[in-house]
């Protein structure tokens, strides 16, 4: 299968990327070039194969570590916001959010 | 239990179908994936640490207590607690969502199935649960303070939530409210949520649709953030009327997310989040599967309090209370404990129930106190009930004693009765004397009675009681008067 | 001791010289900073903070004065700019993070600092570690000191260049699909990617969460072992994917004989597996030749070569280039111009701000991978792409377990070619992806892998021998590499003029 410009537009919007027509065309060619090499995956029979999300799970069971419920992070607002584009009265500013 | 068994009450010939999604903030010290505090109302972004802000390089580490709370809920609702569940990323862009995705559970939630039972009037209802899953709360957007801009406060971001999802089993706004109240009671009872609806600790979304009986489910609209039981009922009633009107006018219902405006009493469609439909869920590679050992579940189970419904059933069995009393008295563990102490100490269960639901609750309500702040101990109430039972004071006089105790005029019931001179007159000699006086002073009335005017009898009893300043035992007064009028 | 010689020292020598007070950490730091700045045309370093570096060096010297000794105490190092650091900007090679100041240090950086290492500066890399040539850096290419017209490889290009050109005795890198092993191969440097989860990912700006691993790059396997011992270890409080295995001394097997081996044949009994898929026509003849020569050296050391197969080697390309971009598309969503990072100067509304900020902040390759990742996760495609890729990933990992039934470690080329010319492949993304074929399988399986200088191919360009071990076998891997380096001097060769 190969993608269309419509797909590119839809995906770019989902990913919040600006995609002017010329760039969309280029992107389309490159992605279709990539998905050609993806085709070979189809031939692999993966029925009943459990997906591998955490590599070492191949050899032993991996499970989530749990942390004691202790609030130990101090207020570090100043340092945390030092690279913020727009802050006022401790709030991050963004163009109005309409609900 | 199957949907059909649910009694449906029709609105203009339509059946109302409601499913609930409730976000309960979990009572933990720290966030679900970070060690920042969860306290409400701090200065903006002072409780949002590097992890909560999604600063580059940060990673989530799971809070054990949040999982324990999920186990507690599962046990309370008779759900299956998954031996293994998976955290997934729900991807969408929004300013109050720092990572650009919410860590939630999608395909395999931690709590599966279960049910919530409650009484609607005297009818027992059961609502089935689909699931309850762990996830992180988002931050808040503040729109008021800035012109053309919104301010983002991420203190709430990362607060642990359980999203509790029901089957579409609910058939009326009243039933919806009853369900929400019962769920609210349970989560606060087992201590996993503070239940503070004003602060958003317990937020309900209602999926509402209508259909002709027997027809397939209609298109639903989701009413978001119902944060008071009052608005809940108003919002659902409005939404149901609106949907029926639309259909009657020949318009199809469009699936939508709506907000309820308490000022107008109306619901309005939200500016729908663009492409909200495509969340690109996938298992979070930063978090291995959550594994819950049976032994942990047993441990939590052993430490669980008796649940409200079990306790209500026990109150019926052990104290012979009506269902209604038992349900009312199990509003909170404190209320139930107050009743049991008073009932045991007085040996007057029903009387204790009546007094707590009546005199005690009325006084608490008027002073906007809850049972934890009651000024009259259960033991003291029991002592008073004993005095009513053994005839030392009349029920009315007992209310005056209660006023005194409530006002703090002494703790010893007998002393108060004595001081207030409210002791009932049980010495028949003194009473006969009063009756003789009354009869002598009201000869005409006595004549009327003897002439067959029964009404006169009650008037005479009234006069006797009055003359005894209310201390006469009414039954005794009746009997003696009858005898004398012979 | 003359300041001019300091840069010629590796980690072990420098640590010893500092401990023996032949030089000081401050002296070494000053000399290396001067040299690094003198060679900025290589594009290895992105940022310095001289005051902070010297303050750290002074502190280290104070520890030395107090009688403390340590294999890294006072040794100046440099970090790939993918690691966040306090006091040095952390950009991940992206315009998105231009001037970004982190309020905390990556765990790996903090661990090295605890051991007394001093930070010289931050090193160039492909943007968000996406690339194999360092050409995807927003701050310009890094140049291969063996041929300034050629790429150093990537994504840890700056890390490889700094070691090869002697601008630092050792550096840190990260490896998601080969980003330590391939540039090490291109620049005649030794580098190791440990088992997934050995090093904490906390403070490593995430590319692909289930693949990213930190590792050292240095002039010898022995120096790598010293660094890895300090870098690795569980990070219970900060990284849920960091392994519970206790920290190890990865130097413990260096110079020791395998059981039943002799001084003449220290690797006697070691079975080295050669995957036939790694030696096919997909690999350049000069690379194959150099690797074969290196392997015959292993036979001299007592190892036996066994033919094995990793049948799904070719599949690792689509599998990796679905999984990594999928995870990346989500990991990079936090760069939205709200809390940190680039925000466009002009925009109409919120969505427009997102789109302009991200399109201005991310380079072409990053945007390409975000597009691929978003697509394969999008509604209706998840099962066919992401899920299927994760299933094949298990098969690939299983193939390795089958192979390790026949051998103790696996050997082959780290890359199918030597370093290519800058610009040669930059407009052909797929060609770049294909060039990762030999490093991707071990990455998908989460296995430890390293690249060891193995001689030179056409035009005198370095060739790296890739060694892959089973899970948690880093010590054995380093032992085998060290034995090779005791018998050969490829790793000591420096490019002319450095």
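A, B and C label the chains in the order they appear, each numbered from 1.
Throughout what follows, a contact is a pair of C-beta atoms (placed from the backbone, for glycine too) under 8 Å apart; a residue touches a chain by one contact, two chains touch by 3 or more.
Please read these numbers as outputs of a predicted model, since none were measured by experiment.
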Quiz prompt | Chain contact topology (line, ring, star, complete or other) | solution = complete
Quiz item: Quick check: more C-beta contact pairs in B-C or A-C?
Solution: A-C
Exercise. Can you figure out the chain closest to the middle, judged by Cα centres?
Key: A
Quiz item: Roughly how far is chain A from chain B, going centre to centre by Cα mean, in whole Å?
Solution: 42
Quiz item: Quick one: chain B and chain C, Cα centre-to-centre, how many Å?
Solution: 58
Quiz item: Taking each chain's centre as the mean of its CA atoms, how far is chain A from chain C in angstrom?
Solution: 23
Practice problem: Any chance you could list the residues of chain A touching two or more other chains? | Solution: 14, 16, 53-54, 64-65, 67, 76, 80-81, 92, 94-97
Practice problem: Hunt down the residues of chain B that sit against at least two other chains at once, touch-wise. | Solution: 50, 53, 55, 61-62, 93, 95, 152, 154, 274, 278, 280, 285, 287-288
Quiz item: Which positions in chain C touch two or more other chains at once?
Solution: 100, 103, 210, 237, 240-241, 329, 333, 336, 338-340, 350-351, 354, 374, 378
Quiz item: So in the complex, which bits of chain B are touching chain C?
Solution: 50, 53-62, 89, 91, 93, 95, 98-101, 152, 154, 274, 277-278, 280-282, 285-288
Self-check item: Residue ranges of chain C touching chain B (in the complex, touch as defined)
Solution: 83-84, 90, 92, 97, 100, 102-104, 106, 201-206, 208-210, 237-241, 326-327, 329-330, 332-334, 336, 338-340, 350-351, 354, 374, 377-379, 382, 386
Quiz item: Which bits of chain B are touching chain A when the two form their complex?
Solution: 28-30, 34-38, 43-50, 53, 55, 61-67, 84, 87, 93-96, 141-143, 145-146, 148-154, 259, 270-271, 274-275, 278, 280, 283, 285, 287-291
Exercise. Would you pull the chain C residues touching chain A in the complex into a rising list?
Key: 99-101, 103, 195-197, 210-211, 236-237, 240-241, 243-244, 312, 314-315, 317-319, 321-322, 329, 333, 336-343, 347, 349-356, 358-359, 362, 367-368, 370-372, 374-375, 378, 385, 387-395, 397-398, 401, 429-430, 433-434, 444-447, 471
Practice problem: Using the touch definition up top, name the residues of chain A that touch chain C in the complex. | Solution: 3, 7-8, 10-12, 14-19, 27, 30-31, 33-34, 37-38, 40-41, 44, 46, 49-56, 58-59, 64-65, 67, 76, 79-86, 92, 94-97
